[in-house]
């Protein structure tokens, strides 16, 4: 059964393909740079995904939160660890982050239901 | 010899003391909550300090960056690891982060000169 | 008849319960701190709710705007007074606030239709 | 056939009329000032609309993006030129802008389908 | 004896005069709109200044904080009331507001030393 | 005689060299991408610099404003045209932009004094 997480992934995939089709060199290079930033290096890919999640939460971007939660779950972060990252985001970003915390917790629950 | 990092620490200490002197219950509880958020738990204190640093960089707050770099260095993060966190912040937050990247690199250099 | 304000309140309630169920000490304490910030003190609860509304508008968070308009209406603020708060938010935050002004005016109208 | 761009325009029109009906002098003057800012002057209206688009993208406001893309298309900006403005917004604002880039590209495609 | 608050007021005055000298109609009208937003109306000028202060704190603008604290003190707000507004700002905006809270408390102290 | 614009340029140059010395591939590629975004293409370099300036103003970054004003002046934008871009930024971003408008006007004056 489809849910908002599936819808997000389909829309994200469709529009990213459309954007690459536009064939703008700068945009394509940005996409590559963005992917590369989360690869294993001096920090592990797993750690970097958690950094991406917290950055998305304090900047209050639901789509970015969804993407990074999916990545964090794939990378092996456990719920209790992600809740800690949610808490750091909440304290840094304040109550204005609460609607995004609700979204993040729901997304994480939807992720776990999938498996 | 005094530098801007020493000045920051002195000013931060002086004003935090002044703020606690005000004795506002909500503000004091917020300060406690803020400190607690970075203690060892499901995530290590070391990991949480790195999360705090990235949050500070994408939200573009130099004082917060200075504080979290000092904490990250104490927690044992190495330069190459911190550069990776800087890079994630730069990619997430864009070129508007660059002035704060310059600040962060300088702060890290000042930290290393201390030891 | 259900409308988007009812949906918001149901979703907010459901997810806040889910978040408390997670039982993360830091998050629970943040929720308490957030509630306490709007209680009567040196400033009245009524005044603080108006502060919360303006903060939500300039930070451009529709869910926060909905919550604080509901609170402001319960606290007894009249439409003309809330329009003044909308205007301060618009001038401070600029035209980027206009979509949130549209949302806020619609929410206030939905609130008044309820009674 | 209705699409999200038509819905946006209808809702925007309806709520702007409702806001003018409120008859708050400050809000009405802000609306006038906002319209005037994009008229021909030392810079052409066409150039100013592009400035408004980039401002909307880096501030991450989808409704503002939709409005300014409609205006930019009316003003005669071509797809390749708008893609360049998207790229500047992406580089300045970082990967947090990507969900809004997806939205912007879809909006531009919907605009072109109309004609 | 000069302090940073005097410097701010001098610089603010000098540059605002320079900006009016530029004689751009839109900018001059914005300045008028901004002043008018804080005049007595359905809300008192005193209440509106407090709204402006909270907006400035959550948007993290030190110059705006200084300006609105000066206005709030002139309007008759007492320290305990302003601390409550600081607390709402801190809870809404999170720990990223703390450096601006330090600045605000120092500014308020400088204001009180003047009298 | 040295002024704050000279200081900014010296500091910017020194720290950018230090950052390149770090030799982080992602950061170096970001710097290249950033430079490339403002080269002539479907939009002229001159137009793109103006976009960069407005983005910097609404995101309220003084260092970015200084950099883009220097670039805009080199690209041949006249004062009256830049004032129009300042006005669009002010209307989009609101009164919170005013301290950055003061900074921008001062920077532009310092630029003109150089020649």
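In this document, chain identifiers A, B, C, D, E and F correspond to the written order of the chains, with residue numbering beginning at 1 in each.
As a working rule, contacts are C-beta pairs under 8 Å (C-beta built on N, C-alpha and C of every residue); 3 or more make two chains touch, one makes a residue touch a chain.
As the structure is a computational prediction, the values presented were derived from the model and not from experiment.
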Between C-F and A-C, more C-beta pairs in contact link A-C
Dup interface of E-F (contact pairs over half shared, numbering-based), picked from B-E, A-B or C-E, is B-E
Whole-angstrom distance, CA centroid of subunit B to CA centroid of subunit C, is 31
So, in whole Å, the Cα centroid of subunit A is separated from that of subunit E by 37
Among all residues of subunit C, those touching at least two other chains are 26, 30, 33-34, 37, 55-56, 58-59, 83-84, 87, 90-93, 95-96
Per the touch rule, the subunit C residues reaching subunit F in their complex are 58, 90-97
The residues of subunit A that touch subunit D in their complex are 11-12, 15-16, 18-19, 22, 24, 26-27, 30, 34, 55-56, 59, 61, 63-64
In their shared complex, subunit C is touched by residues of subunit E numbered 33-34, 37-38, 41-43, 47-48, 50-52, 54-56, 58-59, 78, 80-81, 83-85, 87-89, 91-93
Contacts from subunit C onto subunit B in the complex sit at residues 25-26, 29-30, 33, 36-37
Given the complex, residues on subunit C that touch subunit D span 60, 83-84, 86-87, 90-91, 95-96, 98-99, 101-102, 105-106, 109
